[in-house]
Every structure is written in C-alpha cells, then in structure tokens.
Amino acid sequence: MPGQPAPHHPQSARPVAGGVIPPVCTPLTPDRELDLASLERLCGFLLDAGVAGLFVGGSTGETAYLTDDRRARVLSAVVGLVAGQVPVVAGTIDLTTERVLGHARTAARLGADALVATAPFYAPTHPAEIAVHFRSVREAVDLPLLAYDIPSAVHTKLPTGLVAELAADGVLAGLKDSSGDVDGFRAACGATALVPGFVAFTGSETHADLALLAGGAGIVPGLGNVDPHGYVRLYDAARRGDWAAATAEQERLRALFGMIDAGDPARMGRYSAAIGAFKAALVHRGVIASGTTSRPMIGLNDTENAAVLGHLERAGLC
Amino acid sequence: MPGQPAPHHPQSARPVAGGVIPPVCTPLTPDRELDLASLERLCGFLLDAGVAGLFVGGSTGETAYLTDDRRARVLSAVVGLVAGQVPVVAGTIDLTTERVLGHARTAARLGADALVATAPFYAPTHPAEIAVHFRSVREAVDLPLLAYDIPSAVHTKLPTGLVAELAADGVLAGLKDSSGDVDGFRAACGATALVPGFVAFTGSETHADLALLAGGAGIVPGLGNVDPHGYVRLYDAARRGDWAAATAEQERLRALFGMIDAGDPARMGRYSAAIGAFKAALVHRGVIASGTTSRPMIGLNDTENAAVLGHLERAGLC
Amino acid sequence: MPGQPAPHHPQSARPVAGGVIPPVCTPLTPDRELDLASLERLCGFLLDAGVAGLFVGGSTGETAYLTDDRRARVLSAVVGLVAGQVPVVAGTIDLTTERVLGHARTAARLGADALVATAPFYAPTHPAEIAVHFRSVREAVDLPLLAYDIPSAVHTKLPTGLVAELAADGVLAGLKDSSGDVDGFRAACGATALVPGFVAFTGSETHADLALLAGGAGIVPGLGNVDPHGYVRLYDAARRGDWAAATAEQERLRALFGMIDAGDPARMGRYSAAIGAFKAALVHRGVIASGTTSRPMIGLNDTENAAVLGHLERAGLC
Amino acid sequence: MPGQPAPHHPQSARPVAGGVIPPVCTPLTPDRELDLASLERLCGFLLDAGVAGLFVGGSTGETAYLTDDRRARVLSAVVGLVAGQVPVVAGTIDLTTERVLGHARTAARLGADALVATAPFYAPTHPAEIAVHFRSVREAVDLPLLAYDIPSAVHTKLPTGLVAELAADGVLAGLKDSSGDVDGFRAACGATALVPGFVAFTGSETHADLALLAGGAGIVPGLGNVDPHGYVRLYDAARRGDWAAATAEQERLRALFGMIDAGDPARMGRYSAAIGAFKAALVHRGVIASGTTSRPMIGLNDTENAAVLGHLERAGLC
C-alpha cells in the first residue's frame, strides 16, 4: 500500500517470521496450581527442538480457563525463560474489545513480542465490528497483531477480504488460522501475499504440509507440545521442497494426533480429551509432572492414559 | 427430593419468584463512560412499572463488553438504587469456571440476591463438564443460582435432563431460557415442576404469553427496558388466565420489537441493532440521555433512530 | 391485494379449512409391500375421530422412501376410501420444480383436493428461486397449494415475507409449518391474516396448543395417527377458548410423544425411531397389521416395541 | 479382508481408475429442452483434453433438476458418444434406497460403467441406515459403486469408518468427496489404502493439488467442464511429483473458479451462480449453444456474463 507508513514495531520486539510456533500448554499441579518448574522444562524442550517462537495464551494453553492473574503469570514466566531466544507471541482471548485491550496492555508490559486476538464473541458480530475491534487493539498497543481465526470457539469465520484489508492497512501482521478450512487459508495467503512481512500460520496438526504447500508461512500445532521435533522436520522438508518427506512426517504426526480420541466422548468433551492427551503425553515423555487440567474439564482415567502412551510408542516417542 | 436439605439462602437475599425481571440496559455517555444518572432513571422507570426484580449483567446490559471493574460498578449502583425493593439478580458471564467464580464472589459481596451463569463457552463443552461448572459455582458462593440457557451466545443448549438433575440437587434455583425453543422450555418447566421454588423464566420478548401458558414463572425481556408496563400487563393477564388479553398485549409488543430491525444489517450486527434500538427508544422516552453503545458495536444513524421512534409512536409510547 | 382475482379452485375440490389433518402413515406388510387393508382401517380410524382432512404424501407417510408408483397408489387408495367426506391433501416431496410438477399432476389426476410442496432442496436455494418454484407449481396445476416449511428436511427456512407475498398473490393457499419455530409461525400467521381463506397449520405434536393461541388454523401432527381423538379434543378446546383444557390435553400428548425416543439412538436415526414408534403404536391399538418401515430404515426391536406400548398404557390408550 | 470374494465387475464395464473425471454439464436449449448437439460437442471437448472418464448425473449436471426420463436420455446419449473410450460413471441422486435403485437399474441397462450414490437425505439418517442403503444398491445392481460425500447437499458427512468398512467389504469401489474437508478426505484415503482398486476422488476445484498430495486418486471438478486441459495438466504434474507445477496450475484454476461469484448473490443462489457461470463459459468457449439452466434456477444477466468472460480472458482461455 504505497504511501502507507510502515507499521511501527517496538525496538525490543523480535519479529515473528515463519516456522513452528507451538501454543504452549499450561502445566498444573494436581491441586490445580500453576507448575512453573514443569513450564520451564516444557519451554526448554520446545526451544531445544528448534521452534521459531512460542505462543502463550492460546486455546491449547487453557487460556479460556485461566484468571487474568494466572494468564499474566504464565506469560511473564515464559518471557523470562525464553530470554529473547525466539519471539513470544501472546494470546488475548476475551469476549470483546475493552477486555482484549486489558490483556494486550498486560502482554506488552510483560515483554511479549506480538499479540494474537480473535474476533469478538458471545454476541453475533458483523465484519465491520470485527474491523473496529482489530483496529482498536492495534492502535492502543504497539505490538504486531495477528488475527486468530478459530470459528469452532468464536463462531465467526474471518472473511478473507477483511483479513486482506486489515493486512494492507498495517493493522494485522499475520494470521493464525485454526478454522480447518484449507481453501480459506489459501485464499488468505493469496490475498496477503504482497503485504511485506505478513505471516499466515495454520493451526492444523493434521494438514500442516498441505497448508505450507498452499502458501503458509508456518505452523502453530497444539500437538507440537508433544512432538516439536516432528513438526520442525515437517516444516524443514517443506521449505526445501521435499514434499514426499513432509507428507511422510505429516502422516506419522496424523497417527500420533489420534491420541485426542483416547478420552471417552461419553464422559468428556473434545477439548478435555485433546488437552488431557497432550498433557498425558508430556508426562509420559518426562517433560511435565502432572496431566491435571483446569476446572471444569474432565481428566483422563488410567485406561485413557494408557491409550495415549500407546500412541507415543507407535510413533517412536517412548 | 425428599431427605435433601433445602438449599441455603443467605438471610439478606430476597427470593426470586415469578414475574417480569428486565435485563437492565447499561447507559453510557457519548464518550463511553458509565452514565449513572441515566441508570438511576432507568431503574426508577422499571420499578415504577411494577417489575418483580432487576437482572444486572445480562446480554442486554452489554455485559460481554464491560471490563470487570465496570461490571462491578453497575451492579453496585443498581443494588444501591433498588435498596431492597425487589431482588437484584447478577449475571456472571465469562468463559469458564474460575472466571465466573470471580464475578460471582464480587456479586455476592456487592449484595446481589441471586446469580445467573451460562454454561462454559469458547471450548466445546460436555454436559458432565457443564454440571461440574454449575456445581462449582453453587458451592463456592452462597446465593441462589439460575442457569442461563442462551445457545446463540454460548453455542450449547442446556439439556433438559441436566437442568432437572441440578434443580433436584439444589444446585439450580431457576432457569433463564433465551434459547427460543419453546418445546425445550416447556420440557424444562415440566421436569422441574416438583422442585420447590424453582423458577423458569423465558428470555423471549415475542412469545412470553406462550411461555407462560407452557408453564413459565416469569419473563426476562430485553424489550422490557423500553416498555416494562406492557410486559407487566401481559404477565398479569396470563396469571389471571385471560389469554386473550395476554395475547393481545403480546401482539402489540411483537410489533414494537420490530425496532430491532431498524439498524441496517449491511453495516451492523444483530446485537448492535437490538441494543442500539433499545437505547434509542429509552432516549426517545426520556429515560436515558444517550444511545451510545460499547466498542466495537456500531451505532444507529439518524434514519435508523427515526425508525425506532416510529415504532414507539405506533405502539402508543410517545 | 385489491384488484387481484380470487384464486380459482376446481369445482370438485373440497376446501381446506382449519382443524386436525393427520399426515397419514403408509402401512407396509412385513415384506415391504403396500398393505391396503391396514391403510383402509387407518383412514377409518382417523375419520371416526373427527379429523378435518387427511394429508397423504407427508414426511410421516415415508413419502421420501416411496417410488413414484407407490406414492400414486397410496394417494389413489386414500382418495377412494375418503370418498369426499373430508379434503385429501397431497404431498409432492421432491428435489426441484419439474419433479414436483410430476407429482402434482398425478395428484390432481387422482382427485386430491390440495397440494403441499416444500422449497427445492439438494442445491442451496435463494428465496427468489423458491418463489419461482411455488409459482410454477401453482400455475401448472389448478389446485390450492400449501407451502411445507420443514427446514430439518429441506434445510431452508421459508422467509415470512416470501410466504406473505405468495399468499397475497394467490399462489399459496396455506402453510404447513414443521419448523418448530413458534415465533416464525406466529409471524406467518400475522402476515397472512388478511388473505381470505389462507390457513396456517402447525406440524408440531408438542406445542399445538401454543400454535393455535398464536393464530394457527390447524394441526398436522404425525402423532395424530396414533391418537387422533386427543388432537381433535385439543383443537376443539382451543377453538372454544378453553386454554386450560387445551394445555392439559397437550401435556398428555407430549408425554405420549415420548414414544419417539423408544428406538435406541445408538442403532437407528431419529426418523426410524419416530415412524417406527407410530407404526408400533398403531399395531398395539389394532389399527394396522405390521410395524414394518421402508428401506433403509431400522426397525424397532422387542424391547423398543414394549416401550412404545408402555407409553400407550400410561396415556390410557390401551 | 482375507477370504472375501473380489467384487464382481461386469465383463463390459471399464474400470474406474484415477485421473480427471469431469461431472458433465447438461446443455439446455433456451426453452429448456435437452440440447444433444451441445452435449456431443462438450463430450468431445472433454475427451480431447484427455480426461479419464465422464461423470454423468452429478450435481454439476443439474441432475437434481431433471426428471427421470431426462436423466436417462442424458446418460444414454453420453454412453453412446463416449463409445467405450473411457468409463462413464452414472449418478443416482435421489432421496432414499428404492428411488436410487430405480436410477441404478436404469444406468446399468443404459451401459454405465460405475454408479455413484449419496447417502439418503430428507430424513435424518444414521450411519447404520447409510450402510444398509449402500449395501442394498450394491447387491441389487452389479456395477462398481462409488460413495458421493456431499454434505452441502445431503446434510450428512460420511463417517470415515463407514467408508472403510464398506470398502473392505467390497460394497464401495471408490469415493467422490465433495465435502471440502481435506482432513476427512485424507483419512478416507488412508483408511482404504489397502483395499485393492479403491479410488478416492476429490470433488474440489480449488484444492485438487492438496488432495492429490494427501493421497487422492483423481479429481471430479465441475470447473473441469470449462478447463479440462488445466485439470489434466494439474493431475499429470502431481503424478510425476512436480508439486510446484501442480500448485501453479491450481492457482490459475483457483482464479478462474472466481467465475462462480459473477452471479449477484442478492438475486440468485450459489448453485445458480456456479452452474450459470460454467455454462456461460462454455458458450464463450464455443462448446455449447446456450447458458440456459433448469427451473427454478435464476440465469446470469449480461453484466454477469461479461464477468465470466473476464475470468476466461485472464486465464488465457479466450
């Protein structure tokens, strides 16, 4: 967009480019306190695998389940642990603009390198209102802003035209697409291809290879907590154009992702099953201490835990 | 449920019985500050009309758009203004249990007489998780708890069996059903008919008469901010079995409710249009000072405001 | 609509006014042949109960499962059995206009008194296309045409404005609303109130009383096959303004309708369960010979059949 | 499935392997008669481009809009025109089993090489009922049977497990997936990978490259009527592992597919717009004589037709 001033990035903020940026799990103790020692081990595990950044405050981090105070403590801890090695991207999940702004200001103060915000939810929201929302956040807090497209949670699909408009205007620096709609993701990649520095991430665990072939810059996979090395291999293969290798790695990870079906759907929701499986796997791998999840989520039982272990074994991870 | 201890209600809490309990609008100044003078006039207007209680912190109150601090200020103001004349019911809209608990504790401290909570939202939630959620709130805060069934916002329909179970167990003291599903409401009324004191409210502006015929105890109509006298007349007619009068009043109110279509759907969402219309009507009626709504909602323009006025005139309200 | 010619009705067609018009089940032999003896007994049972008409070719009649030839045989048989005592309304369920026209022409030839057609389905359809569809059917076949609003099957909700426009233009003579949306039904009743002779039927088994209070002219209840006397009592009570009696009858019928949950949802669809229950009940009541349903529907087993019988016993029907 | 007899294919039926199999448009004259001369030119155009087969009776062929007689005439004509050069796959779109069987028997009689059937629609259908449906069709008509997964039309997503089970049992010989769900397609490819001869086709115009990378055997693109050469190039590039070329071709075809937005959504449905655009493009390319579509579809106007032409020009097609 000629004549448009380049968006200002704070001096200290590390730029978010492509690559694998896992949405970090939030380890809890069995009595549901924050387990900072496990969080430290998890961050180290992810950094050692070669991830390109960490996303704190995403859906996988149980952010919807955390009080404002706990959200801040997690972000502060991760910023400290990462110590500038990679950018830390902070989620600001909340219902509407003023509430998101509160999280965004806290994130900036705590040293996040970029923000992620969804469309408003609860009340049905018009694209014009979503535009006001993102513009308000971008104007109020001087950090690159990524749009989080997650219709399963916020029940709005971000229109491609809106993403493109906000990207061209310097409001959005990127997209995290957890919609599962690979055509829409591809359209967003195409519509933002000429915006310098714009990065489109897929949130898909299961078609990351396809999303990269379709033009994506990176991956934000919840399963990346469990097998960051696998996603880094997948990403590297795709970057060098070795689609056979990327696809083979993706197939292995697809099988591993089957762990989210370990939890019995007759007694828990899909989210309890998925987060429970990731945490159980991280316990099995010796990364975190407890698989405890937030209230009112239902925990995995022994049988379900064993099923998760079986997935790890078949994937060669323990 | 024989042998079950009666749920404890704090000495000071006024019981929530049937009748009309409007979800109170939150008046804002043109620069989006809280307008306490208008709030005072609005509460007086509603009390004068003979409402049976006030619901603060509902969807109509723009609660999803308010920071925690502002929510508390509104509730505190209303409790003070009402001064015990009728019960004040406090909404606790938030994503999940710990966050709802924060609002619930604040509401109890500020003197609310009862709480209203939705199912968790954002992540998909299993009925067993919803049960844990409501039980957790009820156990933590000693106020009667009403379940708020609003699938359009939280994307879960509360199962009738779950409502009945939680009612029988003394967890739920009532239901506020904004689902629009009159069969489901009727089923919930039937399934809780033997639970002493349980009250089922419909949130419908447009079939309140039918909901009362189907067994409802009361009405929580957003439009009740604009025409509380009409809803009180409707309720009173239904209570004395004069269904012809109740239906005639309902038909008049249905026409009045057409004001929510004044806002152009090409430029705003349904929620902006509805809340904008209610506030515009309250300005026209001289109750509040400004029709301003919260960010990122879109405001009505002059043409749309005039259309709202036309609805008031046709309904004989100005 | 002043100056508009009154819609022409063929001399021989009996007018469809209000009242109870059951959608007639299609009895099959155990080897899935048409059981005309049972059909004769069923029609007699319904006529004896005082129904105001019979609807052949509706969803309850398994019409979607019948070949064109079988549909015609059923309609022909019913027209003969009824012998002009009440109007026979013929469904024309099919994908799009030309196919519906085929059924409509057959129905006219076989002596039906009115037609029922849904919006086109399979491909997503615009209201302007739905309008062309209904206008095409009305122009081609000279019988009163009722619109069948059944979004659960055709995945389109008929817009109220469209129904009103087609009613005013003499294209539609009535509405059969199986949407479950009582507000929409009420709006349609209101929007057609000034069209002479227009009749709005609810297809709801469970809120027929409310639909009549909201302005409906009649009821087309699948459960009316099983208990036509109950629905006729409900309708008569409503017509004389005895809403307490109407509601009491409705509550009894709501409990009876619980029979549709007898079929195990783990092994059959909701439609198999509902039609299977109605037919099982008709066998228990001695009206038809076999509960067999069409391929690929799953039949009720002995346990499920016994559960249906329990519902009949509790409702005082055997 | 060891010990399972291989599914019998009639001697004369040409096997359906991978490749591009366009769903053939049905050309109509301006007065909506079948235009056999245009159909002949269209088939020639497609065969010359190197397609691997022709799919007659698909959604793109307006099959839902055709009477039984016209469906048969189209299929008969195409079988004659193709004269065994490639397999002709016949759609059997209809509501339920008996009706589908009628089309299947006709198709076999007319010389089709394989059948395509959807799940039953209209009534909600359980997987167990869908299984009975496909098994009934396969048993009754001795032609290879492909399942057509098109939730936008039939409102059921075929479960992967069901597809796998029916493939292993020799009931299904293939899948045509128009769900848009690339993860589901990939899962189906994986779950049937060991079934000899099973072919999984994507119906996507816009992510055919991704579907082939994910394991697909071929493409059934509606847009393949307009640019069969492009899809053949895309397929060939993918087969030789040249994903850069496949993706470049796909990007060109994605832009071309923008033609389906030429029709104004304020005055027509998406289906009218899509089929109207394909036919308009075929007229512009000199393949068929008229862009007329079936009743009650809305036709493109001059402006919209010009927009289609613009898409062809930008894609280098005229």
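Going in written order, the chains are labelled A, B, C and D, and every chain counts its residues from 1.
FYI, a residue touches a chain if its C-beta (ideal position, glycine included) is under 8 Å from a C-beta of that chain, and two chains touch if they have at least 3 such contacts.
All of these numbers come straight from a predicted model, not from anything done at the bench.
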### Query
Under the touch criterion given at the top, what is the topological distance in steps from chain B to chain D?
2
### Residue-number overlap at the chain B/chain C interface, same or different (half cut)
same
### Message
Among all chains, whose Cα centre is located farthest from the one for chain B?
### Response
D
### Summary
Of A-D and A-B, the pair with more C-beta contacts is A-B
### Summary
Per the C-alpha centroid definition, the whole-Å distance linking chain A and chain C comes out as 50
### Task
Quick one: report the Å distance separating chain A from chain B, using the average Cα coordinate of each chain.
35
## Note on the structure
Multi-chain touching residues of chain D, meaning two or more other chains, are none
### Query
Every touching chain pair, please?
A-B, A-D, B-C, C-D
### Summary
Interface with chain D, chain A side, in the complex: residues 180-183, 186, 190, 204, 206-207, 209-210, 213-214, 241, 243-244, 247, 251, 254
## Note on the structure
Listed in rising order, the residues of chain B that touch chain A in the complex are 59, 64-68, 70, 93-99, 102, 120-126, 128-133, 136, 152-155, 265, 267-272, 294-298
